[in-house]
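In structure tokens below, several structures.
You will see chain A twice below: alongside chain B first, and alongside chain C after that.
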Partner chain A sequence: MQRIGVFVCHCGTNIAATVDVSKVAEAAKHEPGVVYAVDYTFMCSEAGQNLIAQAIKDYGLTAIVVCSCSPRMHEATFRKVAEENGVNPYMVEIANIREQCSWVHKNMDEGTPKAITLMKTAVAKVNLDAPLQEGEAPVTKRALVIGGGIAGIQTALDIADCGYKVDIVEKEQTIGGRMAQLDKTFPTLDCSSCILTPRMTEVAQHPNIRLFTYSEVQEVSGFVGNFDVKILKKSRSVREKDCTGCGVCMTKCPSKKIPNEFNRGLNFRTAINIPFAQAIPNVPVIDKEHCIHFKTGKCGICAKVCPSHAVDYEIQDEVIEEKYGAIVVATGFDQIDLHKFGELGYGVSKDVISSLEYERIMSATGPTGGHIVRPSDGKEPKDIVFIQCVGSRCEPDDRRGKTYCSKICCMYTAKQSIMTCDHIPGAKCHVFYIDVRTPGKMFDEFYRRAVEQYGVDYIKGNVGKVTPLPNGKLRVHGVDLLDQKEVELDTDMVVLAGAIEPNPSIRPLATKLTLSIDNNNFLNEAHAKLHPVEAATAGVFMAGTVQGPKDIPETVAQAGAAAVKAVALLAKDKLKTNPCVAQPDELYCNGCSVCANVCPYGAITYIEKEVRDHGVRETRRLAQVNPSLCKGCGACTVACPSGAMNLKGFTNRQIMAEVDSVCQ
Partner chain B sequence: MGEITQYSYFPGCTLKTKAKDLDRYARSCAEKLGAELVEPENWQCCGGVYPMGSDEIGNKLSSVRALNDAREHGRELVTVCSACYHVIKRVNDDMANVPDIQKRANNYAEFDEPYTGETKVLHYLELLRDRIGFDKVKEAVTKPLAGKKIGAFYGCLLLRPSNILQFDDPENPSIMEDFISALGATPVRYQMRNECCGGYRRMENPELAQKLVGKIFTDARNAGCEELITACPLCWYNLNSYEGPDKLPVRYMTEVLAEALGILDEKPEAAELDGVSCGCMQDAGKEA
Partner chain C sequence: MTPDEMKVRDYILKIYDGDVTKCMHCGKCSASCPAYGEMDIKPHQFPSYVAHGEIAALMDSKTIWECLGCSACVERCPRGVKPGKLIDGVRQAVIRQRGGSHLYPEQIPAMVDPETPQQLLVSVLRRERK
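Showing the complex of A and B:
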């Protein structure tokens, strides 16, 4: 028989306001095996922990029940107390009387009986608990960073500088991400490329960093410290080691009319292409969908003109298998498709463009060489209307947009209007806004500069319609809420600050990594405040806009945080493994394979083994669990038709004891 | 054409008075396309948009009765007037989802079975697209309107509130353009096609309505429209009574359909421009 101590926490008034905690403790004293029960204000505090430690000594406790918050919050805390005082940490059960009781009930009449039931359930289970021993697993001293934008670049550099090996997997043919597409950065107006490209070069030259561009994560298995990852390295049809990046192939390629993705479709590229001059690696990719050679078997000009004979149409895709101790996800964002906002003229007039397209137009490496011109006729606009919050801060039932604030648009719109005035003397900029949000160092000063020094015309209100006029101008129909009147502006160009959303590649990747994502496809953190860069899956971290909208400095700071978390993991030589894994009972197992079929982690295999059953010796096919692969999900225990499979710490007997206790 | 299918048909009061063409051609075209429109007995005015503006149950009962009648006959309910469609579909949504309205309306109506939003409400355009099929409409066209550049004028009542009406994308609707294409004409998309025509504000602020309609015509003309079509009697009235630059001819969608199907009357009855479009609103106006 166990000697059980029950510890009921008030959690200040969090629990005590709707649960009569003393009654719960009193009721516990009558439960089988309970030798001590007490309530206390904050059981997780040092004094609360000492109370448990003292009780273990005084009453010779062999098992502990803590009635408190969710086990996700403090199970580890109480297990540690038990272990330090000679009780096996797996002899601790948590009865969640906060999230699942006091917080969901309004008064003690409801809360107290339920808390007592939950306490009884935990006591019933702990009576059947058995001490479990954690195993040990080695740590692979190499990190994987998925995504080669500024978030991934910074994370990789920080990990590599700590002395650990890092691989970056980037699906595009160059690293750099969105930041490479930007012109200037707010609020300092330093050139985005100028601060990014040295970082890109550093990545390329760092002895600890390997770069897999034009590559995708294909498969992930294993667990924290020991991930097995398959990386699909797509064929560039150009040998990286031979190519000098001279670009002759691009000048000669006859397939020239492909919308240039890097310039957001504002101009064309060739089928063999390097997106921009500072690309890393500076090696082209042949786009097989548009290449004449791949479509018809003819052409082959690039191979003929290449001075270093680097073009090779026969190169095949390659799968690289590597082991990693930690994974950082930094897949970034994209701007939402603005074609849904036809009323604002996107897709109707060429002179209505997205803010990211405008960045490309302003950029010296862009389609116009940095000259601000209208896409329709190449003329310099003298009047530009910027519309903010296009698709941001929408109503929940608005299927076109997002409910959240995209956070960066207010600042880059101020920047774009300032830059427009700098590029085009005498230009007039108007900005339609809902609110101007400028919390950040030197942010509000920057916005006021746009208003006060550059005379940017900020109009509080929405735009309902943009109509093209016969003279080539655009008529913007909006409302000025401060003046309480309708506004009609005839302008040369309209720039839409479209909402940002996570890059769509995160969805399949999240499935591969068993990560949780929110309604908007942003990654969920393990804890919004206390574990902001950790995923709920151990060993996986996140950085940048895959977690939520953020600007460059925030992204870089978060990348550093993710890197430290990854390094803290890589620095360990061994990790403790979860002992709550599945275990088959040989006498009940009939080798039917049902459990192996439901196991999501491939942890179950079969062996032929001689067993002795009622004095009869025979060879049987039996299930066997690899404890380092098993995550303790319990799927096999439910699927097993003969009840042979048990999850340690959650055995069928224990679960049934809990159910019985609720039903009594 | 295949089998004749029956639909309950709520014409609405305007189609009996000022918008007879919209009604007449809706029926004759439906017949030609294999759909029989059956008018419920003793239907009453849907109330214009006023039932939506108050929580009075009395204003909603007309729609509830028509909806219940369709249910009793096991038919879907078709309307062609934008205002009727708007009101009936929204009342139907209330009857399905707002317990208070559901209870009070049923207490008044005393049907054999309480009505709880079972009837499917279709606009005439949805009947053409989803039940008959635009491809079938295209096959039935005998006089294609080839070469005509027609702009669709949606107005507001068909499209909003979009979460309840679920008629089309409220900002980028396309059902009428697809309809125009089926008739062999060239649909011209213009930005102002889903704007407000001024609606009932025509009564107390005609200048405002004129200004709004002027913007619509200017944009339609700039985009290359030669004529506009609409399903709404109120839009038809406000657009046709406009006096100013850029004005374009405006016809009912059913009239254009009849033309393409080759069943347009030789001498159509002159559409009436005097008075306000919606019958019941005419009375309301007089009182005011």
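Showing the complex of A and C:
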């Protein structure tokens, strides 16, 4: 028989306001096995923990029930107290009387009986608990970073500087991501490329970093500390070790009319292409879909003109298999498709463009060499209208937009309007806004600078319609809600601050890594406040806009945080494994394979074993669980037709005892 | 708000069948409205007027007679507030308070021009079904 101590927490008034905690403690004293029960204001405080320690000594407790908050919050705290005082940590049960009881009930008449039931359930379970021992697993001292934008670059550099090996997998042919497409960065107006490209070079030269560009994560298996990853390295059709990046192939390639993705389709590229001068690696890729040689077998000009004979059409895709201890996901964002906003003229007039397209137009490496001109006729615009919140802040049922605020648009619109005035003397900028949201260091000052020093015309109100006029101008029809009047502007160019969304590649990747994503495809953190860079899957971390909208400084800070979490994992020689794994009972198992079929982790195999049953010796086919692969999900225990499979710490008998105590 | 006004507001909200607190005052409705210039209380003001209980002002407004019922505001509102339906609601409340200015189903066939496309009738009834 166990000697059980029950500790009921008030959690200040969180629990005590809707649960009569002393009644719960009193009721506990009559439960089988309970030798001590008490209530206290904060069980998680040092004084509360001491109370448990003292009770273990005074009453010789062998098992502990804490009636408090969710086990996700403090199970680890109370297990530690038990362990330090000589009680096996798995002899601790938490009755969640906060999230599942006091917070959902309004008065004590409902809260108290339910709390007592939950307490009884935990006592029933702890009576059948058995001490469990944690196992150990080795840690592969190498991290994988998925995504080579600023988030991935910063994470990789930070991990590598701590002395650990890192691989970056980037699906595009160069690292750099969205930041490489930007012109200047707010609020300091640093040139984006100038601050990014040194970091890109650092990545390329770092002895601890390997780069897999034009590659994708194909398959992930294993578990924290021991992930097995298959990386598909797509063929560039150019040998990286031979290519010097001279670019002769690009000048001679006859297939020249392919929309340039790096410039958001504003100009054309060749089939063999390097997207921008500072690309890392500075090696072209042959786009097989558009290459004349791959389509018809003819041409082959690039191979002929290449001075270092680096072009090789025969190179095949390659699959690389590698083991990793930790994985950081940093797949970034994209801008939503604005074609749905027909009333704003996107896709109707060439001079209505997205803010990211405008970045390319402003950039010195862009299609116009940094000269701000209208895409339609190449003329310099004198009057530009910026429209904010296009597709942001919509209701959940909206078919065109996202529910969240994209966070960065207010600041980059202020930046774009300032830059426009700098580029084009005498230019007039108008910004239609709903709210100007500029919290941050020197952010609001920056926005005020646009208004006060550059005379940018901020209009509170949305735009109803943008109509192209026969004279080439665009008529913008909106309202000024502060002056309560209609606004009609004939302008040269319209820039739409479209909402951002997670890069679509995150969906299949999240499936491969068993990560949870929210309604908008952003990754969910393990805890919104206390585990902001950890995914719910152990050993997987996140950085940058894959987690939510954020600007560059926030992304870099989060990348550093993710790197530290990954390093903290890699620094361990061994990891403790969860002892709550499945265990088959040889005498009940009939080898039917049902458990192996439902196991999502491939943890169950079969052995032929000689057993002795009622004096009869026979060879049977029996299930065997690999404890380092088992995640303790319990799917096998419910699937097993003969009840042979049990989850340690959650055995079938324990579950039934809990159900019985609820139904009493 | 007088008790009478409260009653009218409840009536308007019943016809409206939406949520005025969803409005984020972006002005998309007013910017999309072809009759904006003729209106005294603008479409984007309707949700806050209702929320603040200024029902009498809405019922006296020119707007409810200037609204063309084109539903551009309903279609384009990013928050699903449907200002056009709110204007409809106020107009209905005014008409019904006057009393007598409604049709009974059996009167309709006699009053409708036989050339009127049936689709138009259906769409009107659908829009005004509450």
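Please note the rule applied: the second predicted complex is superposed on the first by the 664 of 664 C-alpha atoms of A that agree within 3 Å, B and C clash if a C-alpha of one lies under 4 Å from a C-alpha of the other, contacts with A are read in each partner's own complex, and residues count from 1 in each chain.
Definition applied: contacts are C-beta pairs under 8 Å (C-beta built on N, C-alpha and C of every residue); 3 or more make two chains touch, one makes a residue touch a chain.
Keep in mind the model is a prediction, meaning the values are calculated, not measured.
Trainee: Could you classify chain B and chain C on chain A, in the superposed arrangement, as clash or fit?
Mentor: Because the two structures are overlaid on the shared chain, the partners are seen to clash.
Trainee: Touching A:D397, do we find chain B (first), chain C (second), both, or neither?
Mentor: Both partners, chain B and chain C.
Trainee: In the overlay, answer first, second, both or neither for which of chain B and chain C A:G342 touches.
Mentor: In the superposition, A:G342 contacts chain B only.
Trainee: Examine A:K465 and indicate which partner it touches, taking first as chain B and second as chain C; both and neither are also allowed.
Mentor: Touch status of A:K465: both partners.
Trainee: Go through the superposed model and pick first if A:L481 touches only chain B, second if only chain C, both, or neither.
Mentor: Second partner only.
Trainee: Please determine whether it is chain B or chain C that touches the greater number of chain A residues.
Mentor: After superposing on chain A, more of chain A is contacted by C.
Trainee: Of the residues on chain A, which ones does chain B touch that chain C also touches?
Mentor: 343, 397, 400, 465, 477
Trainee: Can you name the residues of chain A that touch chain B in the complex?
Mentor: Touch residues, chain A against chain B: 340-343, 345, 348, 397, 400, 465-470, 477.
Trainee: So in the complex, the part of chain A that touches chain C is made up of which residues?
Mentor: Chain A residues touching chain C: 343, 389, 393-395, 397-398, 400-401, 434-435, 460-465, 477-479, 481, 484, 486.
Trainee: Applying the document's contact rule, which stretches of chain C touch chain A when the two form their complex?
Mentor: Touching chain A: residues 22, 24-28, 30-33, 36-37, 42, 44, 72, 76, 78-80 of chain C.
Trainee: Where on chain B does chain A make contact in their complex?
Mentor: Residues in contact with chain A: 163, 169, 171-172, 189-192, 194-195, 215, 219, 222-223.
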